[in-house]
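There are structures below to look over.
You will see two complexes here that share subunit A, one where it goes with subunit B and one where it goes with subunit C.
Up next is the complex of A and B:
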């Protein structure tokens, strides 16, 4: 393995949560109402990828799967400082759940000869958190999930992570290649520089790969997706009991009573 | 760019064909090119003036970049509003524009604090015919986004979420902008300032004076959602017809120079108040309280009751008239739209959008000519100022420039005494009792003449306000 690391960061275009609404009849998201933006935890993933690159040397390639309009999230990542971008786009990908999605991303990461693959902990439009572990599983690579901080050790080909666990944190060292799922809000995503942003949004063009380019044409899409949404129901909000107490002592008493 | 295919520069740009098996690999693009000098003009703000300028320049073949601080055009403005569209209709395929309703009906009402209302309503048949007197109610979030898209389709570049913080000067001339982003300086031979009413860049760079508070109005507005049928029933509208209702008097905005408005969109109403910041400072009520009081006036409440508030906003409106206008042309820069104080409010006409588009268009033409001539100093850009001086924009501002000063002078009379006197006179004139009508008429006349300060006072006021109708 060379000294420089090849880093891939997976990003996803999601409907802007501030604008999205739920159709009360079907229970599905009215995606058309909302602008498409980058999944919020992915900004933390891109920032972490750039920090590791800046510390170790190498390149960061942004990767996404989606229609042509998904160019925009790749441009956002390139604006922040990613060096390249690849869009997996093909009708064959349509209807893929997390299994074929993580397979396609895993094959693309392999094709790019990745040392580290980054992703956000989950996406705001489906919230499964399954894709980064899925990439690791498909490629039989190490995985670091719910990561708060990273310490690259290039001379040992290791990446050390501080992971959020129940009741505290743990430090884990993983051998490369490794998949990292960054926890939301754990770093301060950088602002795109003006000239870089202009470049990313005007002159930059991501490379496009089809399902056949990465050899998964028969392994993706709705037909091979093991999960299917059986139905949706919207829950009415439960009215919550509210009470004003006069001082801290009374509050403590009330909490003791209730619990 | 060189046409010599052998040159090293070109060879570096061309992607090498893949030798190995597998898909094409991405080209590493770690180097960020500099865009200094790559654009002929930088437009500050992608509102109406900015997009009109960018569209005009792009169609003249210029490389143009628009820098917008919102996450999309139109998110940062507040507007009643009626869009006056003569120039936009020429510049774009206006049928495709996101519009709400055309103005089929205009009303002007005098409201007193006590609950009196006198309304004048007009609905000329001509307004129902194309092009509907070029007066459309629009939602600026949708409309500005569409208008900026027209500029982008014509070849302009739009960069959002980027705030211009200052202008760059070289040898005294404006040579670019500074933004809030890292590596945020961008050089270009011309800058079109279309930053809107809160013109901090123009002021900070010394191109415009900060506005006197007497020259600025504050506006508070809410958008409420209703059923389409509710709106059409309440305002007697069909299809695309809309109503623009204007309200004056102390029942509208209290003891202040200003007024209230209701505009009908398809499924929403825009309800707001506009009044001078000078008066706002002396009013113990905040703008949202003034708006609430306006909404609860007995003549207004039935029109706006119910619904669901989906948007609330407050904004500044420049109303200084021709005297408060900054120099429109500088070495390397022009000022357009609200940033140039191009807003007309004389009580009867409330206009700004049309002037913004017109100024952007004229600025765009002048910049294109200047760039073509290779010079962008103030003299080369002066065609913009000349075109504006020859246009209806400045003519209207000059013609009505006196109005707001006069209204401020006569505030007590116009917004307090007059609405009450008119209401009292109406009460007298139409009174049903055992007195003869001649006595009712005499009593009504007495109230009106009294409010105007006698016959001499009435004559003076008629003379003073004659230009409103001349």
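Up next is the complex of A and C:
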């Protein structure tokens, strides 16, 4: 293995969480009106990928699976400093749950010859956190999740992570190739530089791969997804008194009543 | 058939039975969510008329009280994978051992606590077995022959029902705090079985260099929870004082945890714990959907926030629009007097 690392960062386009609403009549989600943005935790993944590249040397390729419009999130990653980007887009991917999604990303990472694959803690739309461990499982690679800090050890082909665990932390060394899921909010994602941003938005074109290009055309989509959505219900808001009190005395009364 | 070539056949599905619960332990300390899952798992197993199986991995488990404890809390059978390779926890040996057991013994349902540990390795079981894996489940139900796993979607605005008709096992990670812990029953009897360990250090891709774990706070059992957010700017002292006075626990938003003002085990919300106390006092918390999701089952909610438009007021029974630094000292004094009076009445 060369000293330079081939780094892949998985980013996902999601509807802006602040703008998603539920149709009270049908109980379905109105996602159409919401702007499409990069999943917020994925900014932490891009930042971590760029930091490791800057420390070790190598390249960062942003990777997403989604509709053609998802090239926007790739441009955002390139604007931040990613060197290249790949868009996995194909109607065959439609309806994929985390099993085929992580398979497609895993095959693409293999195709790119990745040493390290970064992802976010979870997405704001499907919020499973299963995709990064899924990529690792499909490829039988090491994984590091809930990562707070990274220490690359290129001379040993290892990546050491400080992981958040219940009640504390641990430091784990993983052999390359490895999949890393960064804990949300653990670093300060850089903003895109002006020139880089203009390049990303005007000149840059991501590479596009179909399901067949990565050899997964029979293994993706709704049909092979083990989980299915059997229904969606609007969560009933819990009825609350919503009463404002005007002095602390009053508040103390309320607290004394119930405690 | 609706599902692709990879789906389990009807006969395969028939071959799967029993409800499995992963009993997460670190250094002999069991994560409370495991007992919560045994309680829920017992219900499901009774409904299916099948066994409830607890799976424990670690070192020196056979000599520990954990297997007996799992039986007292509802398990019919306890499988133990006992080997130094399982301590401390790592995703690859846990995932691989669990996968092996699933393939050989074919459980129908598997429940794993939605802790960092559970969420870390569950995919390493579900991917190679092509099982359905639902994340952050908050409701589990067997209805007319179909098993439904429900989970909040879109930050809690919706509740999605997830089904897994053509693949086994039907797996889920379950958020801590959503189910009650069972009553212990010392007289319950069950089988304890040690399983073959199929993983080895040579095949393992990771090494734990250091592990620092202090006490894990348990906020899910408290009757009173006093929670703080960014509005406190790090000033948690009055919260501890108020919580002490009310015999409760201190909790926080994710942002406050990230600031390092309080330990992560006290985080409430989508990526933290679910709490259901009698009284939840939210101080300097805006009421983001990801936070509200973790405290919305509290009986009474009180909000202290200096912004009248903060969404937390819509999720509160009583609120006061004022600076917390003004409210808390006075509140602590008033409650001190009142609760002091009550105490005197009781002793009188």
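The rule we apply is simple: the second predicted complex is superposed on the first by the 234 of 259 C-alpha atoms of A that agree within 3 Å, B and C clash if a C-alpha of one lies under 4 Å from a C-alpha of the other, contacts with A are read in each partner's own complex, and residues count from 1 in each chain.
The definition used in the following text is that contacts are C-beta pairs under 8 Å (C-beta built on N, C-alpha and C of every residue); 3 or more make two chains touch, one makes a residue touch a chain.
Here the structure is a predicted model, which means the values were calculated and not measured.
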{"item": "Which of subunit B and subunit C A:233 touches, first, second, both or neither", "value": "second"}
{"item": "Touched partner set for A:203, first subunit B, second subunit C, both or neither", "value": "first"}
{"item": "Touch count on subunit A, higher of subunit B and subunit C", "value": "C"}
{"item": "Which superposed partner A:42 touches (first subunit B, second subunit C, both, neither)", "value": "neither"}
{"item": "Partner chain(s) touched by A:90 [first = subunit B, second = subunit C, both, neither]", "value": "neither"}
{"item": "Which of subunit B and subunit C A:115 touches, first, second, both or neither", "value": "neither"}
{"item": "Touching partner for A:193 - first (subunit B), second (subunit C), both, neither", "value": "first"}
{"item": "Touching both subunit B and subunit C, residues of subunit A", "value": "none"}
{"item": "Contact set on subunit A toward subunit C in their complex", "value": "17, 20-22, 27, 29, 97-99, 102, 121-122, 124-130, 133-134, 136-138, 141-146, 160, 163-175, 178, 184-186, 218-219, 221, 223-224, 226-235, 238, 240-252, 254-256, 258-259"}
{"item": "Interface residues, subunit A side, partner subunit B - complex", "value": "35, 59, 61, 78, 83-86, 111-112, 190-199, 201-204, 206-207, 209-210, 213-214"}
{"item": "Residue ranges of subunit C touching subunit A (in the complex, touch as defined)", "value": "2-7, 26, 31, 88, 90-92, 95, 115-117, 119-124, 126-128, 130-136, 146, 148, 152-167, 205-217, 223-224, 246-248, 254-255, 258, 263-265, 270-271, 278-279, 281, 289, 296-297, 299-302, 304, 308, 313-322, 326-327, 330-331, 334-335, 338-339, 342"}
{"item": "Subunit A partner contacts - residues on subunit B that touch it in the complex", "value": "22-30, 32-35, 65, 71-72, 157, 159, 162, 179, 181-186"}
